[in-house]
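Scrolling down, you'll hit the structures one after another.
Paired with subunit B in one complex and with subunit C in the other, subunit A is shared by the two complexes that follow.
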Partner chain A sequence: MEESMVEAKPEPKQLPAAKQPQGLRRLFGQPLVRNIIVGVVALVLFYLLIGHLSQYRIYQLSQVGPYLIALVGLSVLTGQNGQISLGHGALMAIGAWTLTLMQLHTKSPLWLMLIASALVTMVFGALLGLVAARLRGPYLAGATLALALGLPDITTRYQSVFGGYQGLEVNQPNAPSFLGATATPTEWLAIIEMICVVVVMILFANLLRSRVGRKFRAVRDDEIATQVSGISVPRTQVLAFALSAAAAGLGGGLFALVSGNVSPGGYTVVLSISLLAAMVIGGSGTLAGAVWGSLIMVYVPGWATTLSQKLSLNQSVSANLALAIYGFLLVAIIMVAPVGVQGIVRLVIFKMRNLRKEPG
Partner chain B sequence: MRNFWNFLLIGVSNGLVYSLVALGIVLIYRSTRVINFALAAMATFSTFIAASLIDRNVPYFVAFLAAIVFGFLLGAATERFVMRPVESKSPLNAVIVAIGMLIFLEAMAGVIWGAKLRNFPSHFSLIGLKIGGARLAISNFDLFIVTVVVVLLLALLVLFRYTKLGLMMRASAFAPEVARLLGVRVGRMLTLGWGLACAAGAVAGLLAAPKVFLFPNNMDGVLIFGFTAAIIGGLDSPVGALVGGLLTGVALSFIGGYLGSDLENVGAFVILVVVLMARPEGIFSSMSARRV
Partner chain C sequence: MGESRSSLRRGFRVIAVLAAFSLVAAACGSSSSSSSSGGSSTSGSVANTASAPGITPTSILLGSHQPLTGPAAPGYSEIGPAIEAFFQYVNAHGGIYGRSVTFKYLDDGYNPANTVQVVRKLVLQDNVYAILGGLGTPTHTAVVDFLNQNKVPDIFVASGCNCWNEPKVHPYTYGWQPDYIIEGKVLGAYIKDHFAGMKVGVLYQNDDFGGGGLIGIKQMLPASQIVSAQPYDPTTLTNGLGTQVAALQAAGAQVVVLFTIPAATALALLSMAVLGYHPTTVSSSVSSDPTTLAGLVSNFSKGKVGASALNGLYTLNYLPMSSATSDPWMQLFLKIHSQYDSKEPVDGNMVYGMSMAYYFTLAMRAAGQNPTRQDLINAINSQGATWTGPGLAPLGYSATQHLGFMGSEVVQLNASGGATAVSPVYVTNVQGPVTTHASVEGPVPSWLQ
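After this line comes the complex of A and B, so read on.
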């Protein structure tokens, strides 16, 4: 962390002394400080927001968090480091079962269980990264896809440990007293998630600005040039996989808490594929893109369902129609916006800035 | 020992279906560098067409051919109208579009034909053959699978090796710019390639359906094993697709038979990792060195 802060700061000697910002402005100019301030503000706004929402809305919103964190990991791996993964659903499963088994067999506090989900998955991700470092493009896609297909079956093979098809129950933590007597577990969970989101976003934002982030991008852009510059390509790829897996594991742990149970049906190939699709549609390689992607994952299927229910068809037809609308939207969004939602947002901001400059 | 031979025969029969799916993936990958995940949905959709024709008393083989033609048209139309605009952009985008098509087509199949499991007639008996009193694990239908796959592979071999059209298709796949300069309509060749690939997918769907039943995403598992087979074979080699399919089918049959069928999916992952650790670009890949 400290190293990356030093890295991110521009060389002071090269700047003219008069232009050095002073005092508070200088402090605010530091990316880490700025990110922390933005994160804290976001946290406070979020807390105020959930005070005005119904329990159902809060529950819906709290489904965004796990996806968001997993998408941050996937986005860094694929968008920044150039390694495709169709197996992040399986990594989420590892995090989810880690948390569940810890809750079942130990009396660990929540924070410890969440950190453990991230760490256990990180170790697994590092092992997967060792395999991945030898594979490229579609070969890596195939290997990770096979993992996503195979891993959930382990849970049905060893039923006594993992609970088989029904899976295991997960208890939601009760809200602490300082939130007031009326605070529900749903609200508390939403707040826990937002804290995790803010921490993960700040860590990754900082990481991407650092030497490590530059290594990631160098490997993505040109492996041979990177290797020639004395940076180990495989080591960088394994590191990227491990960190990405840690995020996916934390997302999985939170997902288990939100769902109230873990079962192999919740972590199928479909989840892995949806994550990749959401990552690309949100805007590959950007943290903001992960936000868009997770919102799309949670809300678009809901809208598609509402839309198809309005046509008053029978149950099975309307459920399938909702899926069809979702698939159609995937194709349409990529055709209209090949750079994802975040790409469009950037373009709009860029255009508006130019417009503002022109009259002056 | 009888178990061993039965597992082997089942593996070969399943493996040939995986080979067809792998072939569909390879034909598209080597010309457009896209992994066509929508192949599963295209196969299922074509099979549903055949099923509804058979329901209307159309003879089995007419429905079979109609489904293949439908698969061809669906693949060609997908390339021309959906994939063409995104092919030039990042390969990841093309993959996502293919996944979108997969979800869309499978859901549409559910809207049109319902999501319920249904039987698909096999025309040939699914009951094991008898040789000298012992019942084997292969049936007349498995022999039909072998015949269809061999005929199809020979037809493709003749097309690519001995016809001008096949030469033009190979040229478009390996050197599009040069092919275009020499007057080959590269775009048309790509459309044709997608059509052929999806026709192969449709055949795979028709051959798999009597065993895995027919429902909107009945081919998802088969697609992943087919993809595994294509990767093991090396993604740009049709021979690799055949060998990869057989290897995958036989290996999974042994794993399922001796260790338990719930380990088949895990087995696919293990096989992939083992093969790819030895040969990161598949067994029959022509790209031995990465381009600098």
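After this line comes the complex of A and C, so read on.
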């Protein structure tokens, strides 16, 4: 199966008929093996890359990771399973506070805190999924929106636990000695994130290629036909929500680490809506689309600020410029390229390959 | 069949995406390398050098986070421009050791999540020498550890939280305005002297600002005199403060102490007017500026109520009142305002910003011709307590105390938006007793004329 149903291109013209790939080639043909190799290569490239970047660029880059992971979850939920969520910002908040509170009250190692962020959020996601499985379209959007609006207020209501408007401090882990004496916490965090990104991408890529992934898409494409085939629609939807929430929770935990602080102002409904917009702009339902989406989420606001400073725009305009750009991109993408940036990339690659194949 | 081929291709596609991702990052990275050109020396025997991050032979770069939008923007958005205007005036008068000061302040919308981002940008990308006047308790709390870990001077935080005065934990951070516990103690002392035996209610912001004020008040007044203490969250201000004010009224509070940001003060005063509740109101210096308050009151009441709502409000003051046009500092500030800051109103926020910039200029001059970051810290620790200027109370700086002004006077606002001093300067610190003093306001130095 393709990792996305959206991609359906006619081209299996010249197949090496009945010739099984052999040896190394065959091993590399195994999706899991191939993905792991790609992941490790990406990790090494990333490690070499951050050696050449300034601390600020690394910090900026390390903001991409949390969004990327949360977007993978959202993209699978919406693009692959057909459920919409306006509450993923709130799910990130659950992960963020889980990690922060564990750091504050226990002496857990980092990996345990990150796994806990994902698992705790997964439980919340499953509960939300139970509700979501009964709701469709705008009702589902409304229910998840309520979560995004309500959850940040809980942190100010129970201030002694969650830190209120001011939030809580998060200590950043010190770089381990094997990275060298000069490695900063920022660099170490960027590496931790890249590891998380690679692991999450491999897990989801394989999940989508498996039976579960096919069930997700079946539910998305035709609920009645799926039910008739003996697959439980609600159960599949709850599972999709839980897995999606786990990714959002891990993203939230990482985001808390990168920020060095959790406060409700960072997890408002604007975050949830930005995630949704970034997912659509990047390419809904595709893992690569999540990469584009997260890059947009991190870099567009920065460019918007620079732009408004150059044009010396009014403060109230420049504070909202990034959101306006999102809105514009969203409209443009939906009209021009419904599969988002990743759709455009695929189209370009496809065209170029066909050009090369043209004789003469 | 076609599976292995297409999956191979997909593998390349993922690599292509990751490569593109790296390229974007690398392209962004290449533009950020900072360069400093040495050379041009100024008059004097020793040449200016690029002695620290953010310092070149000809310039000093400072950064700050300010609420230019969001709940705290009304009034406070004027502070950044006022600081910048003062430095422009200093630059036009020879700069500091011939260096011109650039003050780069970024909007954080009074949202700690944004503060984290803009301060990292200022420190890691723009390479500022120091952060000056970062505004807000919840916002600055989110970056104070980061600044100290990176050994960036975090000078004169624009917030009265007592938490900036922790030289052992945060050796690079300095408070400036009287901290909220001191303000609470001064207000408590004034209530004790003038409203003895009256029932006191407190409306306070639910964070270190309001909480600190409450601690100070409780130190000075017997517990039985405080009949009610009502908190509010700045995020829920859109709901108004009717509930809290009604609770204070129900408790029979005759004196209401406000540890509130200007928008909340205006809302509280309007709620009192609506409920026909007329206690004596006493406010921290955070809401001491009549111009800002009158504008907010008028705005919230859609023009029905103006400065008259402020009549009789007692508040704290540790700098010249913006209406005191005979004060030599105010005359200087008005001159600077007309040259560099005329887009913003003349009010307490302007006085605050320019005064802070003045004390920073003193610190920078004391740090020497080619200062490192540590030189600035040493200068404030060793000389800070001796500096005088527009401030009415003495400064409390030393190696073991990073406290700014150690007190203030009480003033009463009138219906025309003016204010009169009704007490001498109360001076104290966090633990000590409250004493009264004459003002220590100093003359305008010749290098500013």
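We adopt the following convention: the second predicted complex is superposed on the first by the 318 of 360 C-alpha atoms of A that agree within 3 Å, B and C clash if a C-alpha of one lies under 4 Å from a C-alpha of the other, contacts with A are read in each partner's own complex, and residues count from 1 in each chain.
Definition applied: a contact is a pair of C-beta atoms (placed from the backbone, for glycine too) under 8 Å apart; a residue touches a chain by one contact, two chains touch by 3 or more.
Computed from a predicted model, the values in this text were never measured in an experiment.
Once chain A of one complex is fitted onto chain A of the other, the partner contacts of A:Ser316 extend to both subunit B and subunit C. After overlaying the two complexes on the shared chain, residue contacts for A:Leu53 are found with subunit C alone; subunit B is out of touch.
Using the contact criterion defined above for the overlaid structures, shared-chain residue A:Leu145 touches subunit B, although it does not reach subunit C. Contacts of A:Leu276 after superposition: subunit B is touched, whereas subunit C is not reached. Of the two partner chains, subunit B and subunit C are each touched by A:Thr156. Legend: residue contacts after superposition of the two complexes on their common chain; A:Ile84 is shown touching subunit B, with no touch to subunit C. Contact with subunit C, but none with subunit B, is seen for A:Ser263 once the two complexes are overlaid on the shared chain. Of the two partner chains placed by superposition, only subunit C is touched by A:Leu45; subunit B is not. In the superposed model, A:Ile349 lies in contact with subunit C only, and not with subunit B. On subunit A, the patch touched by subunit B and the patch touched by subunit C overlap at residues 153, 156, 316, 319. Those residues of subunit A that touch subunit C in the complex are listed here as 2-3, 12, 15-16, 21, 25-26, 28-29, 31, 34-35, 37-38, 41-42, 45-46, 49, 52-57, 59-61, 153, 156, 159, 164-167, 169, 259-261, 263-267, 288, 291, 295, 299, 305, 315-316, 318-319, 345-346, 349. On the side of subunit C, the complex with subunit A involves touching residues 1-8, 10-11, 13-19, 21-22, 24-26, 28-29, 32-33, 68-69, 73, 77, 106-107, 109, 111-114, 116, 120-121, 124-125, 137-138, 141-143, 145-146, 206-208, 233-236. Contact residues of subunit B toward subunit A in the complex are 29, 35, 37, 82, 85-86, 89-93, 95-97, 99-108, 110-111, 114-116, 216, 220-221, 224, 227-228, 230-231, 235, 260, 262-270, 272-273, 276-277, 280-282, 290, 292. Residues 78, 84, 131, 134-139, 141-143, 145-147, 149-151, 153-154, 156-157, 224, 269, 273, 276-277, 280-281, 284, 316-317, 319-324, 326-331, 334-335, 338 of subunit A touch subunit B in their complex.
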